[in-house]
Each structure stands twice: as structure tokens, then as C-alpha cells.
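Each structure below appears as C-alpha cells.
Paired with chain B in one complex and with chain C in the other, chain A is shared by the two complexes that follow.
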Partner chain A sequence: MRRKISLYGLTFSLPLLIWQILFFVFPLLFLIALSFWTVKNFTMRPDFNMVNWTTIYGRGVFWQAYGTTFALAAAASVLTSVLAFPAAYAIAFKLSDAARRWAVFLMVIPFFTSYLVRVYSWQIFLSDNGIINVILGWVGLGPFQMLNTVGATIIGYLTLSFPLVVLLQLFSLAFLDRTLIEAAHNLRCGRVRTVFAVVIPSARVGLVIAALFCFILSFGDFVSPVYLGGGEPTTLSILITDTTKSGQQWPRAAVIALTMIGTLMLVAFAAVKFAYKGKTK
Partner chain B sequence: MNGSDDLNRNRAVDWALMAYIVLAYAFVFAPIAASFVFSFNSDRFPSIPLGQFSLDWYRAIAMDPLVWEGARNTLFVGVIVGVVSTALGFGAAYTDYRYMFTGKQVYLALALLPPTIPVIILGLAMLAYLSRISLSGNALSVIISHVVVCAPFAMAIIRLRLSQMDPALEPAAWNLGASEWKTMRHVIVPFTMPAILGALFITMAVSFDEFAVAWFVSGLNETLPVKVLGFLQGQVSPRINAIGTFVFILSMTLVILAQLLLSGRGATPADKE
Partner chain C sequence: MPKIERPDTGLTRRALLATGAATLALPMLSRRAFAAPTELTMLAWYGHAEPDIVAEFEAENNVKFIPKYYTGGDNMLGLISQSPPGTFDVILSDAEYVQALNAAGYVEELDPNDYALADYFPEFQNFPGNWQDGKLFSLVTRFGFLGVAYNTDALTEAEAANYNVFWDPKLTGKVGHFDWHLPNLGQMSLLNGNASPYDIDEAAWTAVKEKTKTLRPQIGGFFDYGGTFSSLNDGQMLAFCGIGDWITGVLEKNGAKVRSVIPEQGGLQWSECFSIGKGSQKADLAKKWIQYITSAKGQAKSAQMAAYPALIPNQKGWEVLQAENPAEAKRQGMTKEAGNAMDMIRAGRIKYRQWPIQQDLETWNDFWSEYKGA
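Moving on to the complex of A and B:
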């Protein structure tokens, strides 16, 4: 390893650095500046004014949306983690190597299908005359309203993050020291108890990180709340798109966006802290 | 406890877990399969029982000049995004592989963080910033934003391949008198070529499907996913299924190509050198 700064080294390291500073760091910093600008007659002016912060924070609608979004994202991460775990566990411990490779490959496919199209497809299942209600009708049930409900929004969040959570849980289980499980079995620890006393604590870091990703994805998603939840209740992402796209109130949207980033950073910090709690490395 | 009892219990649990795997995949693939099936279904409002087999929705999108324009924009943006993010990602991956320096943590954070920022916030930040420097509302703005999101994927893929390389290979080439540049060209690039192509296809596929940021910054130069968003906001139309199926097949072709490149001939090219 040479440590000298050379033209050769810089040629490879600098382009990405410059690109991400120019087009990732600067836009986010600009968002902070923008939140202090003022809007007069539909045009924005550079300013240093707290008015956007006080306006947004003074609104009941905002705090309601904040509470809703936080609760929905938290519910989605718990639900997704709980539903994904048996699948990840089974793929990790019950499948042959070849079958596991296939399982991973299949779980990757959803990442390359349009999330929008999948959400639209759920409408086909959930709408009043949709597939599920037709099937329920055959046995004399329903129709139930499933579209435009909170449940539909949660299905959308699951669609968004279930594959990722399964994969992340799977990787954390794959790196598990299997002798630990054998030791537990030798010590007459039952199956279920082994899962809760040995497997989950050992894989904790991966499991928490997976739930964190689900939280981040759900917290910022605007497609499911709009197209499956019917826009009710309003989430922060809906508030941002409305404020940006129709209201010309970019500075206020910036306040919401920054509040979201702050929240996500706090949640991520807490999650990582919890994940590594009591670990030396 | 006796042996056969234990065996039976295991088998029941195993069966339950297998059934659960099948259920999980059914949930994941239900929307994908439905979109595929209903793209060939004649009914205006998709449900069961199925109507007749028809290619009407494909015909409808084929005749729609806006869809063609969207497809052109998507392809144009995707190819450039693929090339630029792979180049940037390669540089970053090589930097991480070879150099130690102070601030490397920050460098890696910048290289890998963008995909974790919610797209809606990134979209807003990009829109505000790019319109400030007069770059918003055109294909260039979509390309810039997509590279920010895609470069980390390229970096991760290429870094993985570099970690499979024998660390003695590069110094060996230097000792034999090759310059750093020559070593790069004749040793590193050939060795990482499968990952470079893989990254190219994966980043293209990511760009093809990205709609949120593109929606914010694109203005009139909408990509296909942004068009789909428009359809979704307007009338319910099985055209979405047709476009979705079309883009899915395109993306999957790229992903499978990438997969073949990354796994299939994995170690061969450089080992022959």
C-alpha cells in the first residue's frame, strides 16, 4: 500500500467525491438554506426568516401527519420483520445450497420490477370488484372495502420492503455460528427456545438493521399512502408532494423534508445503538 | 423422549416452514404475476373471471406517441446513467480497495449513503438545487440525480469483485516493470470486467424503474416510470400493466445478463492471464 498522493490515485478517487459533493451534499445543504427563504407573489426570495418553520410547526395538520407517518412506519417495520423472519429462517436453515441460491435470486427479482406497477397491481386485488372480493363473493361474503384503507397502505409498505428485509435477515442468519445452535440442542434447549435465546440474539445486528431499512423506506414512501391508502390519513410524504407540486411552497416543503431527515437520523442512531448494545466490536 | 417422536415433530415443523416460504413468495410475486396476466386481458377494469386474451393494451401503448417519447427518454437517461455511475463506482471501489487515508470513512459514507435518503426528500432537494443552478426540467437533471443514487450500487458490485482478487497480483505486475496505468489496463480492468458489465446493467435497470426523483426534476422530459405515475393519477388503465410487463422483461434481461457475467465465468478471464 502506497500512501503518496498521486495523479493516478486521484484520477480514480476524485470523480465520485466531486460528484457526490456537488449533487448530493450541496442539494441537502441547500435544502437547509431554502427552509429560511420566503415566498412572495409565488416567487422565492433568499432570506433568513423563521416563518416557514413556525408556520409548519404551528399547524395541527403537520403534527397529525407526523404522528400518522411515524406510527405507520413503526408498525410496518415490526410487522415486516415478524412476517419475514420465519421465511428468512427457513431459507437459511431448511433449504439445500442450490435451493437457497434460487430463493435469493427470486427475492432479488422484485427490486427490478416497478414498485408503481406492483402497487397498481394490488389495486386489482383489493378494489371493490377486485380479485379478493370476487373470490369472497363465491362463498357468500363481502364485498369488503379494502382499497383506500390503512390496511392497504400497510400492504403497500410490505410490498416495498418485505424482499429487502428477508434478504438482510437471511444474510445475518447465514453468518451465524452454527456451532452455537448445536451447542444449544446438545444442552437440551428446545427448538423454539433456541430460536429466541440463541438465534435471534446472535443475529440481532442484522435483524435490527433490516427493520431500520423498512422504517426508512416506509417513512418516506408516498406511493402506497396515495394509491392504496387513498390519501387518507395524510402522511408527511403526501404533505411534501402537495406543498411542492401544487403550492409552490418549496421552503415549507423543505421544512418538512428536514424534519423527516432529522427523525430518520435519530431513529437510525437509536437503532444502531440498540443493535450493538453490549457488543465489544 | 424417543427418537421417532422427535423426528415426526421436526418433520411437521419443516413442512410448516416450507409452506411458509411458498406463502412468502406468493405474496411477493402475486402483484408481479397479476400485472403480467392482466396485461393480456381484454377487460377495461381488471378482475376475475378473466376476459379474452388480447394484445389491445400493448397496441394502445405502441400507438401512444407519449409512451414512445417516455421510452426514448428512459433509454437515453438509463444508458448514460449506467455508463457514468459505473465509471464513478469503479473509481470509488478501486480507491477503497487500494488506499488507506484519513477521512476514508467520510469518503465511503458519501459513496454509499445516497440510496438510504428517502427518494421524496432527494427529489425535492434536487429540484430546488438544480433549478437554482438552471439545470432542472431537462433530461440532464434526471441523469445527474440518477447517478447520485446509482453510483453506490456500482461501487458495491465492483468492490465485491475486487475483494476476490489476489492482493499480490497488482504488486507483482509492478515488480515486473509495468506502470500503475498499465497494470490497471492489463490486470485490474480485465479481472473486474464481469463486475463492471454487471454494474452497468444493474445501474441501468435501477434507472429504468426510478420514478420519484425523476418525477420531481424532469419537467417535460418525462421518463417512462413518470408516465406510469401520470396514468396512475389519471384514469385506471391496464396500459400500466402492459408498460410494466414490458419494462420488467427489459430489466430482467439486464439483471440476468449481469448475473451470468458475475457468477458464470466468474474467475476465468484473469486466471488465464
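Moving on to the complex of A and C:
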């Protein structure tokens, strides 16, 4: 049956529609148009030329950066989800109401400070002369190189998305139908098996969406790869800055940005499809 | 009825009215002191519109600088091209970008008679890039050298005085790159013996690429401005390619064990120039600022800029600096002693950093990206 859009519904959905058109559709259309422009003597000129697409897609370094960025973001999503789940589970099922409120508050606090500042503070811990190596030195270990490594980049991604992933997982677990867990226990299902057979499948949508957010944030992040990873390996966000840094090649940067947007859309659609697979209204 | 005696204060009604009128008129008599300061917009690298540099000029001229800081010449060009004409009254640009500013019509022509060019060292009076077709478009205000930056605990000055030190096995993973192709590849070109490091043919360019690739296993990271500071300061990187005293000078003054040296293969020179933005409504005030910052007094200030120190082209500025801060003058080599900064230039040990002449800028940039990703 075809649904009729009422004036009441339109009134409330209109601001969202206008917002999306103004701040997503228009910039996206402009970005698409920009990717066909050309640059001469540092000045961008409106054009319809495929040269930016062929140049970027023809470069090995682009595909290398693409693979690296995708792999790092995927690894960060899996790692963050795995590390965040016990925290979210404990907050949802093991803490009292008061303690749960405090835990949520503590998860929100990191957002009060700048992400850049938090990443810089990691340098104090991870550098060769940093806190971790000093402590390891007391027991005769190290120093180990931790800063300017892929591991440090992943730590940065965790810093960025861990609190958010915990909160998203928590909301998903908090609204879980607890009678399902009781039923599992009544049927003599052990605690661990209950988690894997009942809790995780029931909270799948929230868990997948949380992982998706981690992927999105990590995939486009510039701060951690530069300030913790030392700029290597090259990620797509670094490649964008490299491209704009010399010769005002914003059109080529637009090609990279559009590829990133397209990738994120595909991943998001795939994740949502997986999350709701087998679900009925 | 007893008569009330008024105390004699000596203040008559007439005197009271006169005093009141004078008090009310005072702000009118010194309107300038009470007028809102004129805002002057400056597009520059960080530090150029900070109080240590502009406070005196602001106070003397009732001006308030509104800075817009950029990082890198392309960022600067982007900001200008995306802003209406007249947005920036004063523009600071690296020398290699001045011609691009000219070509795009972003800057006003200057009258050389307005400035103390006669006080400049001869090498800077007709500075390349400042002039085009006999017309002056910008004025060099400070410059510096790029060589080998090193941790003084890890290397001696003698060890660091050769670009080959970057390949030293004890520095594996401890060599950093300032993430911009131009200074790094320029230094590699110097190491390969190219007298004009940016004017090289295809064979020499291929050789520069091959040489640079061999350095890749030594590299611990590619850093921006902030990352370069922190990685040198905390000893994470022990040697750095592509920078000089403009970074290590700040760290050294704050007690870090880092220095820069010009290697035996030679160094590069960066230069910063001031221009007046096209369409500026306050061109006279902008001119006054350039006159100030290129004067001996302004130059001495500029040399000691808190954000990053630099050499200055005004020889009278050297004299003021030597009188004001002899230690800094000595540290930067702006003294009358042999081997000073000008002697290095005159001995041919320093080459201008500039855009590649026989290749596209894009070619160099593309190689840099590939090198980073290798």
C-alpha cells in the first residue's frame, strides 16, 4: 500500500532534508564536479577532463595507500569491538544502576578533550624515552620502538573510537530482552555459551553499527597515522594532503576523497545489510 | 537665624565649568588615543603577527593585526584564491611562490624608493623572485639555511657535516624527513654533486631518485611542522633531512640537544618576502608595515622571532642585533667574523630553494609520494 506523506510528517522531516541537501548533497556534487577540473599555474579551472581520475587510479602508490587504509581501519574495527565488548557487557549486566551511570559518564569524558591533544599525550607514553620504556627499563627490558609504528597508529584509532564503540554496544546490550538470557540459563546454557549464542546474535545490529562507526572514523583519520604512525605507511588521508600540498591539486584530492566516500558507502550498506540479515519487523 | 558659613574651597562656579568642559573635551583633543585601532590583515606563517614582532608597530600606529596563518605555500595560494580581492592587506610568502602570486595578480607593485633597500646586503637588493620585468612586487625580509639537523648526543658536528651521515647504520629508523619534497630532494641533489640542485636534466633527476630511494630503510617517519619539533625534542629522531635552524634554533634555545649544520656538499636557502595584497584598502598602512619590518630595528626583531629565528638581509639590522643580543647574533652567524652567514653565501655553499626547472613540480611531488609509500 502506498503511504501518503502528511503535512505533519513533512514539517518534521523537512529540516533534516534541507540539512542533508545543503551540507551533504551540494558539497558532494561540487566534489564530483571538482574532480573533473584542471589546474594550471596553481589555479583551478572548471573543466570536464578525466585526467585526474586516470592519473590517480593509474598510480601504484594510490592503490597501496588504499589497501593499507582499508586494512588498518578493518583491523581497528575488529580490535576495538573485541576490546570494547567486555567493557560494554560488564556495564550493561554487572554494574548497579548508579555505577552504570558513572561508567557512561566516564566513557563520555574523553570527548571533552581534543582528540589531537589525546594523541599528542600518547607520544609521551610511547616514545623511546617515554613513560612505558622507562618503566620497562626498571625491569631491564627495552627500549622498544613503539612510536612511529603501525601499532601506534592502531592505538590512536582506539583512542578515537573506543569510548564511542563501548557506548553504542552498551545501548544495544541495555535494550536486550533479558528473558532470552534467563531462558538460555533455564535451558542449562553456560555463561560463555549464552554470550555467543544469545547475547551477541540478539545485539548484532548494535554491535555491527558500533564496528561500522569505528571503521568510518579510522578510515578517514589523519591525526593518528601522522602523529603516532610517523606518516608511514601512507594512508589515503595523508595522500590527500600530499596531493594538495604541491601544485594546488585539489581536483586529484577530490578523486581520492570520492573514492573514500564510495568505499565507506559500500561498507556501510554491506554492514547494515549484514546487521539486519534475517531480521523481520 | 544664624548665617551658615561656606568653607572656602577656592573653586568658583566659573572655574568648575571650565574644568568640566576641559575634562569633557579631553577625549576630543586626543581622539587618536581613544579611536578603535585599524585592523590590518596578514597572511603569513605562524609567528609573524605575534606580539614579540608586531606589538611595537601596533602601539605606534594604532593598528591591530588580524593574522591568518598558513602552513606551506600551496595552502597560502589556496587561501588567497578562495578569498575576495583585498581580503589580505599584507602577505608573507616563501620566495619561490612570489612569482606565482605575481602571475595570478594577487599582489600590488611596490615602489623600491619606499624601502631601505640600500641598507640591504648587495646580494638581496635585487633578490630573484622579488622583481619581474624591472618591477618590484615583494621584499625579502628574512631567510635561513637548510642542512643537516642532528641530536648533539648522537652525532658530532663533524659527523653531521656530510649528507652521507643519513645512511649511517647507527641512525637506522632514526632519520626523519620534513614532509615536503622540495628541501629533501634538493639536498639529495646537492649530495649528488649538482651545482644547481633544482636545475637538473633527466639523467641527473633519475640519479637523485635512485639515491633517495636508498635512504628509505633509514627513515623513521615523515613529519609536519609540529611533528618535526616533537620528534627532535624527545630524541625520537636523531637526524633530520630538509630542515635547518628555523626548527632547531627554537629547540636549542629551549635547551634541547639539537643543532643544524651546513654540510660540506652545501646547504639550501629559504627566504620569506612581504607583499601588499591586491585590492587592499589599507595599502598605505601595509606599506608602513613593510617599511618597519625591513628597517634595521624591525629586522633585528624579526631575526629573534619567538616562533622561529632567521637570518636577515639588512646589514644595519645585523648591527642592531649585535648590539641588542650579541649571543643570538653569534649563534646565527650574523657577526663581522669570517665565516658568517653572508660569507657562506658568497663562498657558493648555499643554493636557493626553488621549484624544479627542468621537471614539473608535479613530477617531484609524485616521486615523493611514491618514496613515502615504498
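Here is the rule we go by: the second predicted complex is superposed on the first by the 254 of 281 C-alpha atoms of A that agree within 3 Å, B and C clash if a C-alpha of one lies under 4 Å from a C-alpha of the other, contacts with A are read in each partner's own complex, and residues count from 1 in each chain.
One rule holds in what follows: a contact is a pair of C-beta atoms (placed from the backbone, for glycine too) under 8 Å apart; a residue touches a chain by one contact, two chains touch by 3 or more.
Just so we're clear, the structure is a prediction, and the values are computed from it rather than from any experiment.
> Classify the contacts of A:Pro86 with the two partner chains as first (chain B alone), second (chain C alone), both, or neither.
Only chain B is touched by A:Pro86; chain C is not.
> Give one of first, second, both or neither to describe whether A:Pro110 is in contact with chain B, with chain C, with both, or with none.
first
> With both complexes superposed on chain A, which partner does A:Phe42 reach: first (chain B), second (chain C), both or neither?
A:Phe42 sits against chain C, while chain B stays out of touch.
> Identify the partner contact of A:Val165: answer first if only chain B is touched, second if only chain C is, both if each is, neither if none is.
neither
> Kindly classify A:Tyr120 by the partners it touches after superposition: chain B alone (first), chain C alone (second), both, or neither?
both
> Going by the touch definition up top, name the partner, chain B or chain C, that contacts more of chain A.
B
> Determine, under the contact definition given at the top, whether A:Arg59 touches first (chain B), second (chain C), both, or neither.
In the superposed model, A:Arg59 contacts chain C only, not chain B.
> Applying the touch criterion given at the start, work out whether A:Tyr227 contacts chain B, chain C, both or neither, answering first, second, both or neither.
both
> So in the superposed three-chain picture, is A:Asn148 touching just chain B, just chain C, both, or none of them (first/second/both/neither)?
A:Asn148: touches chain C, not chain B.
> In the superposed arrangement, which partner chain does A:Thr244 touch: chain B (first), chain C (second), both, or neither?
Both partners, chain B and chain C.
> Which chain A residues come up in both lists, the one for chain B and the one for chain C?
Common interface on chain A, chain B vs chain C: 120, 123, 127, 129-130, 227, 244, 250.
> Touching chain C in the complex: which residues of chain A?
The contact residues of chain A facing chain C are 41-44, 59-61, 64-65, 120, 123, 127-130, 145, 147-148, 226-227, 229-234, 238-239, 242-250.
> For the complex, which residues does chain A have touching chain B?
The contact residues of chain A facing chain B are 1, 3, 6, 8-9, 11-17, 19-21, 23-28, 30-31, 34, 83-84, 86-87, 89-91, 94-95, 103, 105-110, 112-125, 127, 129-131, 134-135, 158-159, 162-163, 166, 191, 213, 216-217, 219-223, 227, 237, 240-241, 244, 250, 253-254, 257, 260-261, 264.
> List the residues on chain C that touch chain A in their complex, please.
72, 74-75, 77-78, 81, 100, 103-104, 173, 176, 179-181, 219-224, 226-227, 230-231, 234-236, 361-362, 364-366, 368-370, 372-373
> Which residues of chain B touch chain A once you look at their complex with the stated criterion?
Within the complex, chain B touches chain A at residues 13-14, 17-18, 20-21, 24-25, 27-32, 34-35, 38, 45-49, 87-92, 94-95, 98-101, 107, 110-111, 113-114, 116-122, 124-130, 132, 144-145, 147-148, 151, 155, 180-181, 184, 205-206, 209, 211-212, 216, 225, 228-229, 232, 236, 240-241, 243-244, 247-248, 251-252, 254-255, 259.
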